[in-house]
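Next, two complexes with subunit A in common: one pairs it with subunit B, the other with subunit C.
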Partner chain A sequence: MTALGVTLLVQRDCLGGERVVELQLPRPVRLEDLDVVEGVVHREVLTSLPRPFFRLDVPGRFLLTGIVSDPRLRFTVRMAARERAVELALETAQRMVAT
Partner chain B sequence: MIYLDHAATSLPRAPEALLAALDAANWASPGRGMHSAQSASRVAVQRARDDVRRLVGFGTVVFTAGCTAALNMALHGLRPRPRVVAVDPMIHNAVRRPLARLGARVWKLPSDLAGRVDPRAAERAWQAETELVVLTHGSNVTGLLQPVAELAEVAHRKSARILVDAAQTAGLLCPLDVGEADLVAFSAHKGLRALPGVGALVVRDGVELDPLLSGGTGGEAVAVDMPAALPERLEAGTPNLPGIAAMGAAAALTTTREPWPWRERARALREAVRAAGLTPLGEGELPVVSCRVGHLTPTMAEEILDRVFGIVVRAGLHCAPAAHEHLGSGREGAVRFSVGPSTSDDDLAMLTQALRQLEGMEGGNS
Partner chain C sequence: MAVNNDAIVQAVSGLRLVGNEDGLIPAFGLYLTRHYASYYNRISFASLHAAEERGEMEARAMRAGLVDAGHQCAFFTFGGIMMSQEWDAVVKPMIETREDWVRGIIGVVNALGWGVWKVENLQGGKELKVSIGNSYESTGYLEDYGKRASGGVCFLATGGVAGIMNLIYHGDVTTRPALDDGYYKRLFADAGSFTGTEVACRAHGAERCEIVARRG
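Let's look at the complex of A and B:
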């Protein structure tokens, strides 16, 4: 548990580079939370699925995925930013929770 | 949750195996001293060893910490040390990495696009001084079975030993049908549905192995060297009694009861994937299928199947980058679906339904 009140788990994918940081926010994600993520060039909310899955692509930094109305987030942090993986994820989560 | 990662570890465990493990947690250390408690334990371990041996039908069963440990024991312990080793294209990292550490020259046996080795072509392409052939009995990526018995004949005609990685087949194929293989490695927690952390290396008579670990065996305590006889030579330290008991119980079930219809389930799994419009990678017989899902990366497909549909599958390279390289999926890997005895028709229908949605998915921008 972090100061933000989020639960954090760091994993590695099996392809050898990216860091995967999973966070559980203190509350479910809302659609408007996605607006505060900086540097997003591609935003997709898959509303055709039984649960609205979203992905936000921040090039060179991370891919953020999750489900609207679910508190869990997954940051797939790109190679170039992997040393700052936890920091990037926490900063972003902080911004989302503050909305 | 619909669990479709049985190729990694099969759940739920066999109840008989769990009960045996509970009982064995209170066993004394076998072969240590001559008191009655260790005698009972020794008899029970021997019974488990006999039950596991019946899966293969020959050799001495050496209990290990799993299939990876068994493969390392074989690859690093085999004497004379192999300098040239032939492998099939579907090898797991449990073979690839120890071979790299061993420093052996490794060559790939000729195969078709699915990775199935052709024994006659293998004999024609045989490279001089090959002393060992390592075969993946069943691929953990595609479920492909290799013609192990025929390849063992080829290897022996060429005076090479043959080591079989039976991680995916132990507990399914019964008997294991590995022909005249010299060494067979497998774990307890996949097809056998016993516990993780235990496995076996079956060693045919006449095959010489040096131990990777040295230590107490309960006998010949004065000697500095490990005992010459198997299994003691390769079993230093107190054994994993709950693991061994569970493995023995699961092996006894496998050899005495009607097996679950895994061939039929494998066909049903392939049909379920094809019904969603997806094309399995390669070909295979075991209940394991891998494929790409629409335009999604494998990790994205895994995440959506898990979090949106509650279907647990496995994305990536499956610790078998060589296999994915052969299949043309070496960059990102694939999504793997593997079923077990607990998988129902309804589970497969749900999988098809979910995959159809992903295959034809049109994500809306908000």
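Let's look at the complex of A and C:
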């Protein structure tokens, strides 16, 4: 667990390529947390679903998905950034928590 | 809240399932692929026919192998989906019982273009009977070879139905286990594992394909 209470849940390789990192925040994700993620070119919050699923695409870095009001985040880190997968995910999650 | 198949199909169909610059489609915590159904069908059926020409023992082994491909598909794809955030957002709020997990994953299957799956009979922990309208395997077989003299051809679906029961009732996917080799062996090689049988197939003249999974 980091100083800001972010917990690493899962880290796994997929097909020897992209890397999935799942984290848990110390509190549920809020809609405004999504604004602090840098480099997003596609942002989707599906509020029509029973629970609001979101997906933020940051080309060259990761796809971030989760549910607003749920503390868990999933980063699917691109091949180009796979060596820094955990670091990137933790950095981003901590920035979200700090808002 | 009852599991609403149409709502699941609509929600899953609305997810943005597109490739990224790595050429991959990350979704449901796994990778999806857009694959020509005819390509897989033709490899499967050419292999089946070649085995059938060699004799019943070879044909039986080939059918078992093709069904096992369905087990693998169910294990990784359905298992991954049932532990995904998309599942938590779309399906899980509708779930009240373990049987709802079965109806929920079948709702997701109905958004994947595998035909129209319908639960005909579900006895929790004992039996699942699914009928499939317009299954892509029977459709492909009929198009390339016409009506078959005997036996069904929906091998991937047969393994898939058994996989659903094994994931939900035999291995308890609701506890979010790791999808690793040990879990796979426990699901499909244990004495109490579910096995699937195709009891009717459009390729053999039935109106809908029907698959039953029971404990072996």
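As a convention for this text, the second predicted complex is superposed on the first by the 96 of 99 C-alpha atoms of A that agree within 3 Å, B and C clash if a C-alpha of one lies under 4 Å from a C-alpha of the other, contacts with A are read in each partner's own complex, and residues count from 1 in each chain.
Note that a residue touches a chain if its C-beta (ideal position, glycine included) is under 8 Å from a C-beta of that chain, and two chains touch if they have at least 3 such contacts.
Predicted model, so just to flag it, every value in this text is computed and none were measured.
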### Task
Would you mind checking whether subunit B and subunit C clash or fit side by side on subunit A after the superposition?
clash
### Message
Applying the document's definition of touch, where does A:Gly60 land relative to subunit B and subunit C: first, second, both, or neither?
### Response
second
### Query
Looking at the overlay, what does A:Arg51 touch: subunit B (first), subunit C (second), both, or neither?
both
### Message
Residues of subunit A touched by subunit B versus by subunit C: which partner has the larger set?
### Response
C
### Task
Would you sort A:Arg43 into first (subunit B), second (subunit C), both or neither based on which partner it touches?
first
### Task
May I ask you to decide whether A:Pro71 touches subunit B, subunit C, both, or neither, giving the answer as first, second, both or neither?
neither
### Query
Touching A:Leu31, do we find subunit B (first), subunit C (second), both, or neither?
first
### Region of subunit B that runs into subunit C when the structures are aligned on their shared chain, from 20-28, 110-118, 200-208 or 218-226
110-118
### Summary
Interface residues of subunit A shared by subunit B and subunit C, listed 14-15, 44, 46, 48-51, 53, 55, 65-67, 70, 72, 74, 76
### Query
Of all residues in subunit A, which touch subunit B in the complex?
13-15, 31, 34, 43-51, 53, 55, 65-67, 70, 72, 74, 76
### Query
Any idea which subunit B residues touch subunit A in the complex?
299-300, 303-304, 307-309, 316-319, 332-333, 357, 361-366
### Query
Which of the residues in subunit C come into contact with subunit A in the complex?
11, 14-16, 20-22, 24, 26, 29-31, 85-86, 88-90, 92-94
### Query
In their complex, what parts of subunit A are in touch with subunit C?
14-15, 17-18, 20, 42, 44, 46, 48-53, 55, 57, 59-60, 63, 65-67, 70, 72, 74, 76, 78-80
